Amino acid sequence: MKSAHKVSTHTSLSLMIMAIFLMTKMMPAQDHPDLPEGDQCIKCHMEQENMPEDFSDFDTHLQKNLSCAGCHGGDASKEDMDEAMNPKKGFIGVPAKKDIPRLCGKCHSNIDFMRSYQPRISTDQVDQYYTSIHGQKLKQGDKKVADCTSCHTGHSILSAKDARSSVYALNVPGTCKKCHSDAAYMKEYNIKTNQYEEYAKSIHGIALLQDLDTSVPACNDCHGNHGAIPPGVKSISHVCGICHSNNMQYFSASTMGKIFAEEGLHACEECHGHHLIKKTNDDMIGIGENSVCLNCHSQDDEGAKIAEEIHADLHTTVATYDSAQKVQKRVQQIGMDDVEIGYLLQDSHQSLIQARTLVHTFNPEEVDKKTGESLKNSEAALSLADQLIKDYNVRRKGFSIATIFITILVIALFFKIREIDKKEKIKQS
Amino acid sequence: MIKQFLASSYDWLDARFNLTPLIEFMQHKKVPVHRHSVWYYMGGVTLFLFMVQVFTGILLLLYYQPGTDSAFESVRFIMTKVQFGWLFRSIHSWSANLMIFFIFVHMFSTFFTQAFKKPRELTWISGFALLMLAFGFGFSGYLLPWNELAFFATKVGTDITGALPLIGDMIKTVLRGGEEVTGGTLLRFYAFHVAIIPATFTIVLGIHLLFVQRQGMHEPDYMENLPQEKKKMISFFPNFLLRDALLWLIVLNILLFLAVFFPWEIGQKADTFSSAPQGIRPEWYFMFMFQSLKLLPAHILSIEGEVVGVLFFVVVAIIWLLVPFWELKSPRTKGMRPMTLIGLVGIIFILVMTIIGYLN
Amino acid sequence: MKRRRILNIILSGGLIGWLASVLYPVIAYLKPPKIAEANVSEVKAGDESQFSNNSGSIVKFGRKPVILVRTEAGDFRAFSAVCTHLDCIVQYRKDTKQIWCACHNGTYDLQGRNVSGPPPRPLEPYAVKVVKGEIYISQEKENA
């Protein structure tokens, strides 16, 4: 035979590339370079395209090399299905809902084990969980309440600090909402399902959901994480007081606070609501249309009188502040310097905010201390503005006087010119 | 008594500098009086406004601090904290605009009265140089308060110079002191505005005035053919000067009125990272050019519209500069002279474009 | 004749008046205002002895409020007094020896770092110099 078939370089190169391509397609684990190699569970399940629905590469357990067998049991090194998914090797398949906290708790309640991953991590989640309504109902066999995976997911678990996590601050309301806003799902529990709706309209909700501000409370900040329970009567003001500490202190020390505690009233919630906490305004106190005091008080009782006194005080202070602001605008308009005025108004506003916080003492004298400061600054701003407007008018007056003088000079000059012209004409002729 | 003092001072100086021939020359200077002699005052008013600018400019120099961190604040300081600072700053800004306005009036009046004809060609040329320098004054000074409008007007203005073919980019970079308008631009414009242009302007102005003094005022045609005795004249000194002074007093009063009733704004501090605010536009004396450029299509015969526009204005400027040399001699017939027509077309174009620019 | 003299008097009087009316504003302008400079880069907060250990006070830095803290050990620190959460003015607390914002219970340590509560960022630090017993606060320069 003469020459053997020579395969051209081009053809052989393309064949090699195609081969490599096909091989990688047959090894889906290769597409995910972060996945643990040598883990037969993942390899096989990926090939079979039989991965759990909520699987993602960045699941924190996976990243730390705790793969399928770590929770589901079995032997991850075995290729053969029966050997790998062998109950004798601890394989449990999909765990029963009731067993999930115990399963997670195997590691997460064991500080000796967890500390090697995170020295400061807490390990009381399961204990806390069983104090919650979710935990109690789960013990009783309820199939619908939240277990660990309901909030954390099963296979895309991430730290709460990770913005992709289902339990990251911005995502918490959406996670709780999945059950708690589903009226059909929650039917048998006889609790409201409008919490998310109300929260979304509240000042906290708007900040969190629209402004993406994580400094405001999400569901877990008030209700707790694993020991989730509606705050008891005693604890509401404490919960709000975590951030609104002054309001809590003043309220607890006030007569109202003591009476509320005795009567078992829900402190902050009685006036401000719990989910639908709207932006506060000065008309909430007093005996006006929007007053919350009249929810309990009658128009002419002791309490109402105090409320009205406080309201009137705030009202005058705000009115003075507003008029100072208006005058500031006028000063800006006429082109005079409003920076000092702005500074005074800043101080005045600060005092006003403090006065509003002091409302929670329900003591008109206390409120008056701060409104007095605010009034002082607003009035200083007003007089400074008056001074500047006066200066502005002085300039105009000065101009008129200057014009008069210049006009006299111009007229005199005009006559002088005439005189000199006449002299010249006489000289010429 | 005062007369005695003045007389002896004069004698003292005369003995040293031989002032008498100069004084005699001055005393014999005459200014023609005719239907259009009112326009003779326009140059003087411009000169007066320039002196106001130098005076108020020097005062502002005492408190103004160039630099992105201090320019705006120092202007604000002048307007609000320095006694009468508001007055001198507003006068400076208004007088700048009035000066350029009167330059236009003065320029067009000399054009229409044909005062540029021989032997006054160089007076026209030096005057044109002063016009360009005045534009430079206006453009550089406008940036100094470092507020939003000024910053963007400078950006757009220097962008337009960049449209010149070949040398445009270099001019733009040299003007800006870099690729973008920055603190470096501010410092450069400051140097232009308080040192480079004032020095140049003063020299060219001196030359311009020297020419005028040496040659006297241009007389209209019909006067030229009259015998000397028949010509109506007044002495430059003191008659014409006193009239000048009268007019200057009135202009000063107008300036004061504008400064008090229409104070110049401080504006918002320039932010080099923000996008141009709505309605930025150059000062009114650049508006007609800006507006004409806006109206041009994006491309004219495969050349960028903007380049064509800028080149057009450069060519027009050169033609305008050389007016004394190509002047179309007009036949002595009734009807408008062709030069007058050209001048009118120019003025109408400028007016219409300026008005359209402001209506937008 | 008389008319001429009156005219001359008015003219000279007017001229002098005019000159005075120009010179008066110019001279007033030349006198520097109380705050000699437009931009504040340094502020004198007072004498060392005015500040006791473990105390804080608000000082005006141009238009911005600055909190000046004297630690227990006696050294001075200064920070912007505007809370990074919602712009309330912060205060120094002697009991916790931290900087605190009363509005929503935000806390900063003595490095200005936000350590608890809603504030998202630390307080901007200012440089403090003690020269001959006088306290000077200035803008912190960036490290080269």
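Points to keep in mind about this one:
Order as written gives the chain letters A, B and C; numbering starts at 1 within each chain.
By our rule, a contact is a pair of C-beta atoms (placed from the backbone, for glycine too) under 8 Å apart; a residue touches a chain by one contact, two chains touch by 3 or more.
Fair warning: this is a prediction, and the values are worked out from it, not measured in the lab.
The innermost chain, defined by the distance from its C-alpha mean to the mean of all protein C-alpha atoms, is C. Using the mean of the Cα atoms as each chain's centre, the chain most removed from chain A is B. Spacing of chain B relative to chain C, judged by their CA centroids, is 42 angstrom. Taking the mean of the C-alpha atoms as each chain's centre, chain A and chain B sit 59 Å apart.
Centre-to-centre separation of chain A and chain C, using mean CA positions: 34 Å. The set of chain C residues that touch two or more partner chains is empty. Looking at chain B, residues 76, 81, 87 sit in touch with two or more other chains.
Shared interface positions of chain A, defined as residues touching 2 or more other chains, are 339, 402, 406, 409, 413, 416. The part of chain B that touches chain A in the complex is made up of residues 76, 79-81, 86-87, 234-235, 238-239, 242-243, 245-246, 249-250, 252-253, 256-257, 260-261, 263, 265-266. Against chain B, the residues of chain A that register as touching in their complex are 335-337, 339, 395-396, 398-399, 402-403, 406-407, 409-410, 413-414, 416-417, 420-421, 424. Looking at the complex, you find that chain B touches chain C at residues 59, 62-63, 65, 69-70, 73-74, 76-77, 81-85, 87-88. Considering their complex, residues 25-26, 28-33, 35, 37-39 of chain C touch chain B.
Contacts from chain C toward chain A in the complex involve residues 4, 7, 10-11, 14-15, 17-18, 21, 63, 85, 88-89, 102-105, 117-120.
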